[in-house]
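In what comes next, subunit A is part of two complexes: it sits with subunit B in the first one and with subunit C in the second one.
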Partner chain A sequence: MKFLTTNFVKCAIKTCDSSLEAFPLQYSECELVQEEQEFNPEFICHMLDRLDWQAVIKVAKDLGNTSLPPNKPEDIDPIMEDSQAILRDLHTLLVETRIVEGKMICRNCEHIYYIKNSIPNFLLPPHLC
Partner chain B sequence: MSVPSIAIEKALEPNFQEQEFVHSVYNDIASHFSQTRYKPWPIVEDFLKTRPDYSIGLDVGCGNGKYLGVNEKLYMIGTDRSDGLITCGHEISKGQYNVGVADGLNLPHENGKFDFAISIAVIHHFANEDRRIEAIRHILSKLRKGGELLVYCWALEQENSRRGYKDGDEQDILIPWVLQKKQEKKPKVKKQRKSKKTAIENQLDSLDLKATEPKADEMEETKIEEEKVQDEQKAKEEQTKYRYYHLYKKGELHENAIKAGGSVVREGYEKDNWWCVIKNE
Partner chain C sequence: MLPTPTVRSLDEKVYDPAEDSFLLLDCFEQDQGYLLEKFPPPHTIPLVVEIGAGSGIVTTFVKQNILKDGIYIATDLNPHACKAVLETAEENRVDDEKLESCQMDLTNGIKNKHVDVLIFNPPYVPADEVPAVPETDDDESWLDLALCGGPQGMDVTWKVLHGLETTLSKNGLAYILFCARNNPMDVKRDMEQLGWKVDKIIERKAGWEVLSILRFQKT
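On to the complex of A and B.
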C-alpha cells in the first residue's frame, strides 16, 4: 500500500462517516519499504492539488517522518526548475514509500484494520456491518 | 458437457447467500478465474480513457484489477470483497495496483471525494433489489457532485450467447464454475494408455484379425475405465462451484440507478450485459 493511498482511505464503519476523527487512520507498527518508481512530476503536481495536506502530515508523523512543511506547498509547477526538489521529495514519500505490514486504527471508534503483504483489509466483522 | 445453471432457493438470508454463493466461491476459484480475466471490455476501456488526466477514481469489485492499468494518467483505487482476487491483482501488477479488500456496502473512502467510479459485473451478485440499489447509492456517495459511475450487470436477454437466457426466464440463478484440476498427471497417463490401446485395436481391425487372447486384460481395462469415470464424476462434483447472479432485465438497471438517487447519462448493451453511466446529482 503506497503512502498516497492513505490519503484516500478511512474507517469503513458507517457510524464513523460523520466523525472528523475517522480520517486519516492512525498507522501503527508499520513496516515500510522504499521502492524506486518512475518519476512523473506532472502526476505529483496534480495529486498535490487533491491531497488533504493535514492528513499527509499526520500519517507521515505516524510513520516517523516529522520533516514536512506545515502548509501544503504552493505554486508548484512541474516544468519549473525550483519546483523539482519538492516534487522529488513528494514522489519519494507518496509513490515510493510503501507500507508492507502494519495496523490502521480508527481514531473515532478504535477499530483496527490490518495491512498484510502490502494489502490493506477493510472487511468488517458482521456486527459492525 | 456444460454444467447447467440452477435456480436459487428463495428468501435465503442475504448475508448468508452472498457469503455462500459469492464470497467463498470467488476465493475458491480466484486463481483460475483470474487467468480468464485479462481482456478489458471496450466500453469500460473507453470510459476510462476519456476521463480527464489525473482524475481520481474507484473500481468497486475490481477482481484481479484488470481495469486499474488501462489509463496510466488516472489514480485509481480498486477494492474487492475477495482477498484471493486482490492477491492475484497484487501479484499480476507486481505491487503496482492500488488495491484493498473491502465490502461494496462498506467502502473505506470519504464521501464526495472521487471523480469517477466503475463497478463491472459486481452489482448483480448482491442478494436482493434493496441491496443492489444500496450498493449503487453507496458508490455514488463517494463521488463528487457530477462524478460518473459506470455499472455493468449481466443481462437476462442473451439469446445469441452460449447460455441463451431470455426474457421470461428465472432471473435469480446459480451459475456453475467448473474448476480445472491442477494435478493432471494421473488422468494424462491413463489417457495415453487408452489411446495407445485404441491404436493397437485399430491396427488389429485393419488387419482383420480377431483379438481373442487378451480377454483378461480387457476385463482389467474395463475396470480401470469404470474407476476412471467414477473418479472423474466425483472430481467434477467437487470442482463445480455455484455463483449467485441476478440477471438484469432491459430497463431494470436504469430503474435501480434512479432509485439510488442518480441520473442516467448513457446506457446500453454490450457482450450480454446492460450498462449505465450514472451521474451523482
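On to the complex of A and C.
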C-alpha cells in the first residue's frame, strides 16, 4: 500500500465515521520499501491540493518521519527550483514509499487491520459487520 | 477503438472478464469526453474507485485510456481478485504507483465524500440469497459472491445506491451495470425521486441477457 493511500482510507466500522479521532488510521509495525517511480512534479503539485495535510503528518510520524513542515506547503510552482525540491521530497514520501506489511489501527474503536504483501485488508469479522 | 487489456489466465476463484466487463469498457470509451470535461487534467486528479474489481480489467482500462491522471482504488472481498487486479495492471504495463488494490466490502474503508468516479459491476444475477463471505482463502465459493445478488439481483446494488450520498464527492459520478431483470428503469425512476440525475449510457443484448449501464450524479 502506497503512503498516498493512507490519506483516503479509514476504519470500516460505520460508527467511527463520526469520531474525530478515527482518521487517519494509526500505522504500526510497518515494513517499508522505497521504489523508484517516475517523478511528475505537476501531479504532486495538484495532488497536494486534495491532501489532508494533518493526516499526512500523522502517518509520516507513525512511520518514523518527523521532518514534514507543520503546514501544507503553499505557492508551489513546479517550475521554480525551491518548489522542485519540496515536490521531490513529497514524491519520495507519497508515491515511492510502500507499506508491504504492517498494522493499521483505528484510534477510536482500536480495531486492527492488517497489510500483507502490500494489500491492505479492511474486511470486518461477521460480528462487526 | 481503444485496446482491450490483456488478462492472463486467472485463478478459478476470480470472475473472468465477460460481456458485462466489455460493456463497461465500451461505456467508458463512449463517455470519455464527458469525464474529461468534468475532471479536466492535469489540474483535477479524480479518485476513481471500482467496487468488486475482479480481474481488474475495467480499472486497468480506465487508468490506461480514459482518466490517465487519476488515482485508483480497486476493492474486492475476494483475496484472489485483489491479487489479480495487480497482476492485470502489471501485465498491461499500467504503473501501479497510482493504483491500490484493497480487500474491502464495497467502499467501507474509503473516506466519505471523496470518490469522484465510482464503478460497479455488481452481483446482478437473481438468486435466492447473497452468499456469505467464505472464511478461508481456498474456499471454492468465492466466485459466487461476484454473481448472486438476491431475489431481484439487486440486494448489493441497492446497498451501494443508498450509500452514494456518503460515498461520492460533490461532483462525483457512479457508473453501475444492470441486467434487464434488475428493472433498471424502475431504479432510475426511484433514484430520480431521491434527487439524483440518472442517464443510461449504454445498453446491449448479450446472449439471453440485456445489459445496461446507468450513470448517477447529484442534481
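One rule holds in what follows: the second predicted complex is superposed on the first by the 129 of 129 C-alpha atoms of A that agree within 3 Å, B and C clash if a C-alpha of one lies under 4 Å from a C-alpha of the other, contacts with A are read in each partner's own complex, and residues count from 1 in each chain.
Everything that follows uses one rule, which is that contacts are C-beta pairs under 8 Å (C-beta built on N, C-alpha and C of every residue); 3 or more make two chains touch, one makes a residue touch a chain.
Everything numeric in this text was worked out from a predicted model, so none of it was measured.
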Exercise for the section: Identify whether subunit B and subunit C fit side by side or clash on subunit A in the overlaid structures. Expected result: clash
Practice task
Answer with first, second, both or neither: which of subunit B and subunit C does A:F43 touch in the superposed model?
Solution key: both
Practice task
Based on the superposed arrangement, let me know which partner A:H111 touches: subunit B (first), subunit C (second), both, or neither?
Solution key: neither
Exercise for the section: Answer with first, second, both or neither: which of subunit B and subunit C does A:V95 touch in the superposed model? Expected result: second
Problem - Contact residues of subunit A, present in both the subunit B and the subunit C interface - result: 1-2, 4-5, 8-12, 14, 17, 23, 35, 42-43, 46-47, 50, 113, 117-124, 126, 129
Completion exercise
subunit C partner, complex, touching residues on subunit A are 1-2, 4-5, 7-12, 14, 17, 23, 35, 37-38, 42-43, 46-47, 50, 95-96, 113, 117-124, 126, 129
Handout entry: Parts of subunit C lying in touch with subunit A, wherever the complex brings them together
Key = 42-45, 47, 69, 71, 73, 77, 79, 82-83, 86, 95, 97-98, 100-105, 108-112, 114, 133
Problem - For the subunit B and subunit A complex, residues of the former touching the latter - result: 15, 53-54, 56, 73, 75, 77, 79, 81, 83, 86-87, 90, 95, 98-103, 105-111, 113
Fill in the blank from the handout: In their shared complex, subunit B is touched by residues of subunit A numbered 1-2, 4-5, 8-14, 17, 23, 35, 42-43, 46-47, 50, 98, 113, 117-124, 126, 129
